[in-house]
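Before anything else, here is the set of structures, which you'll find just below.
Both complexes shown next keep chain A, but they swap its partner, so chain B is in the first and chain C is in the second.
Entry: the complex of A and B
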């Protein structure tokens, strides 16, 4: 039998960031910070959610961690609330540093903030919001996972996620332009083109280690005859790990820099690469922190852009990809923007057959990498790989060899799962397939 | 016993209804005022269309995925809430009491139907109790107050049933029925039973966020 708020059983994990933060904490400091946090930063939503939840446990089936751990209730969404924010409120912050350590682990590494549980709660309680509150408090207490914090530090120092220097950024773009010109004569990656229709923005890892994606995007833009540009200044990175570490002040700086770069370039709209969390940050989190109800400038995700290019005939498909595929629905653009059908239409135009995973669309299981979990690095790799057996089973059941995932985090997460559970599968971006299958008039 | 009956069905009843109505209005007003100050986005993104869409999908049995995944729970929950709200409002005894006291009445349920509905509520409470005890995901987050609330809800129906059928001591059962009913009413605004007040708001908000902002379904 479980006692209420009982501590969970987990293998100990050594994370230097959490350990350092915890070593600095005293019960007095925790209480003072928590009380101030609850008073200043929480209000009716938290109160109503905690009062309304009847502890029915109906949200449990929504969570891939819960399902992957043989229905261990300490992984259920309400179980996570019970272990963290509920106790903090009940005890008004009078908890031990050990409690904060456990809460940080639950909030940062055992929840991807994928929001699937909101669709299973009969009251529509926003559980991801409450887990986000725990992260915010842990950040205020200085208790953040080391690898995640390092990413956030990079954001703070460089306005990008991967410690990419300004000259390296420009150099990477020019390098890709040079490479691409061997294939496509006359191709440009227009830098700082004021008044272009589109500012194309990417996440830090693209110039760092997925440079071919910039190459492919440039080829697609070229073929489509797009009037586009990329900035040569900080503000090019649309990603946002600060949103996930709880450093909302920094999140605001990042989003401001991104929007302001687009304004400076006087573009009509921003087109983002295939990233999910960056879309969330721009579409309905970071913009709100800055006081924008919507966005100061139209922003669309790559899936929307590809759809536009294909339906308008700006890109034509010359051949189909050589085998059947399945389509993974990234939470932040499907539960976050309803792009499931659009993504499928693009995928179907490129492939001979699309085999569905079940459940799918808004009900799809998470990749278990998002929400900053993969950014918590090696100490928690097993947490997310063992925490997503259910996804591996879902993938295996399709019987296909290729999974399309139009999201960077999903790629990272699915790659680890495919490797760990020995699934013989490849992961593709939609951009990979478009590049491979489109008509290239210059050939 | 007569004096006790006079007291619980008189001043105490007034107090209970007062606390229920006043407490509920207070909780809702306080929540709205607090949200105006601290949760502006709740108002900013509230959309009537998507709020109603969400409420509809969660008010009709089996219209959400989760309800379809748990058919037994769905049937029990809907029957429970339906009977819980309708039987006290339309049971003949209550209608007659109102008629005697205030001179107005409304159509009542046939006695046998009201009786059956009472038993449905009690049976559902037992089902919920069993669920709390046996399902790990519910047990894990259950504390004493969850059992207490269940007992609080079941009590007026059990005592009402016993009183109606004049099992045990009729006078005592009647008093217990009234007192437990009053306790439950008073508890609504001040315990987790306040989901009765807040559920429409939480649904409306998440429905609006999912529908108007994220263009996704929330059921």
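Entry: the complex of A and C
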């Protein structure tokens, strides 16, 4: 029985964002904000979950934090609930600032909102939903981790995640177009091409740090003969850390900008780069917060697009990648959207052998970077990396040297794990492999 | 965009240019853009010596540049493009670059009559605008949400007025952004400034502002409304310039507010793109009265028919009628006064009323081809893809431009003929 979520024993962590917010809190303000929040933004769903949970702890074995921290119950999914939202409800918000500080730490940095635990709960209780509620409350109380908040501030000021100014975005695209044109004569990254079939969208870090992905995407689009465009205005970034900080109003603003950019360009669909959380935001969460039941413009993830290009013969594979690989299932596109088999089919077409890691598909362990956790930055890096020993063991057991992960956050998380646990592995996007292995008629 | 006035309305068809073969010394021609009267067509030409220029009706501009992008006609018919020469960027108008050059330029803005052109510029990592070849006297650490006043004489942008170091969240929260009109910032800063809008007489500026991390409102000439909300959307001035309306979020829903007061009664799941009728008597908005169900509301009364998505709304010139594009189950149609056309399409472009308000036309995509539809019927003669259209001032004829293979064709036809 996990009766009270046990006492949390953690090394103190200095986070300026949490400290800033906590310094302004009073018990009265916490109570008033929490009571209003519970009344206005929660209801039957939360109550049913809290009433239904029998504290059996079956969800514990699902959580990589719990498994990686010697089965410390304070890292178990139910433990996270018990330390946070359950107390807030029971005490009707009459908690101390210290309690909020702990709750913020749990909600923002010790849960990836990966939803693995829901599959292990006999009642299917959505723990991630409840942890998300805690984040929303913390946002309302102004208690958010510094680096996550800085990312959200960037979203608000520039509509992208990385403080990329309007000209820097366009300049990056033109730079990559120029580079790629040296390799592929006639290649274009068509900007603002109204009426194109596809708007290709990426996350903020691509123009900032991972420009080779834009290069590769342009080469793939060119080879496939795609009728595509990229916007030269804000709205290009499909990412969304506001969804994870609990700033849903800003999340709505970001998703509106993204979809309205696609609608302004009159494209038929949006193809997204290899990002998981952005897919969750666009395909499921942000769109619905705005009132759309589905998507106002169809959206597909790169995995789906690559699958389409390979099965339709628009891209042909000239050679296989030179060694066996394993495939990491990103939570948001596999548990969240069922793209695991499609991802495998693409990976198998490109590689001599795909060695499964176990467990896999929707049962795969999270990279531990997702849910905005990696964006909480250096203060919480250790918990995140030590919180995923289980992932390191899972990777090592495959015996292969390349792991494919079609998600940006997973790349960040796995990179840290591979480095920390000294695994001799490299990480690839599917796009890396397609670019490397595809037929290039111009060569 | 095509315009109905000052153009040749003789019925018939003519080929303006052919882009199929780029010709000797040209590697390729990019997507074509027609002039507002449909008499010219321009495209970026990538030349074999690794330079670029603009080709208009088969003739290249006399100057070639290192790079050229964003070819657009101004509403008055002048042809503009963003060009790079010696590593510096500027705007070229009819082949003539502005005297001022910048490290980067983008997003040209045209006044309604086309007489004035503004441009977003960056020099030395400082940001602002330039209007008719005159840059702002002060540039800022960042500038975005740029806008040009209706008369084309004033420009505004959300500007960063103070330096902001890495991850300085406390400073950000205190407010480092403001709105600047002609480079002059408002007297106070906000956490965020978005969606700038000038009054019809160009004298005043409204914007969405975030006054604190969880508080938003509308500011007019720097003065925020007394009330704040969880969120707000774009403000719009009434045609007489006396009031400002904006969607505001309170109690988990969206309502329309005017000058800081509740204006519409109903609360919607979503409400945006509110617009005044040209006479200022009516207000319409795209609304979502129930989750997943979208329509238009006029003066707070939603139409009955709902769709998965509604966009591109427009009043008729006399304000009596209203049209929008809407989709259900992935098929698009045009909604007019609450009723959908009987046909649906793969895509629909913004619907446009004839000057007398009797007809509605829109570009539509059917079987992968862009066509012109009028009052629900696809006009049948068009070969190729229709790129634009305009009604004649008397509403009796329609001008359209299309691309057939590489052939750029201008066509004028009488309404009532050749309905499909």
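Operating definition for what follows: the second predicted complex is superposed on the first by the 437 of 443 C-alpha atoms of A that agree within 3 Å, B and C clash if a C-alpha of one lies under 4 Å from a C-alpha of the other, contacts with A are read in each partner's own complex, and residues count from 1 in each chain.
Here, contacts are C-beta pairs under 8 Å (C-beta built on N, C-alpha and C of every residue); 3 or more make two chains touch, one makes a residue touch a chain.
All figures in this text were calculated on a predicted structure; none of them were measured in a lab.
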{"item": "Touched partner set for A:174, first chain B, second chain C, both or neither", "value": "second"}
{"item": "Partner chain(s) touched by A:82 [first = chain B, second = chain C, both, neither]", "value": "first"}
{"item": "Partner chain in contact with A:48 - chain B first, chain C second, else both or neither", "value": "first"}
{"item": "Which of chain B and chain C A:233 touches, first, second, both or neither", "value": "second"}
{"item": "Contacts of A:352 with chain B and chain C, given as first, second, both or neither", "value": "neither"}
{"item": "Partner chain in contact with A:125 - chain B first, chain C second, else both or neither", "value": "first"}
{"item": "Partner chain(s) touched by A:290 [first = chain B, second = chain C, both, neither]", "value": "second"}
{"item": "Touching partner for A:337 - first (chain B), second (chain C), both, neither", "value": "first"}
{"item": "Partner chain in contact with A:16 - chain B first, chain C second, else both or neither", "value": "second"}
{"item": "Doubly contacted chain A residues - partners chain C and chain B", "value": "288, 293"}
{"item": "Complex interface listing, chain C residues touching chain A", "value": "27-28, 30-31, 67, 69-70, 103-107, 120, 122, 127, 142, 144, 160, 166-170, 172, 177, 191-192, 194, 210, 213-214, 216, 230-231, 249, 251-252, 269-270, 272, 288, 291-292, 294, 308-309, 311-312, 327, 330, 346-347, 349, 370, 387"}
{"item": "Chain B residues within the chain A interface of the complex", "value": "31-32, 34-35, 37-39, 41-42, 44, 54, 58, 64-66, 69-70, 73, 77, 135-143, 146, 192, 194-195, 198-199, 201-203, 205-207, 209-210, 213-219"}
{"item": "Residue ranges of chain A in contact with chain B within the complex", "value": "1-2, 4-6, 42-45, 47-49, 51-58, 60-62, 66, 71-74, 76, 78-79, 82, 118-120, 122-126, 283-284, 288, 293, 334-338, 359, 362-363"}
{"item": "Chain C-facing residues of chain A, complex", "value": "16-17, 20, 40-41, 139-140, 142, 146-147, 149-150, 153, 156-158, 165-167, 170-171, 174, 185-186, 188, 190-193, 195, 232-234, 249, 252-253, 256, 260, 263, 266, 268, 288, 290-294, 296, 298"}
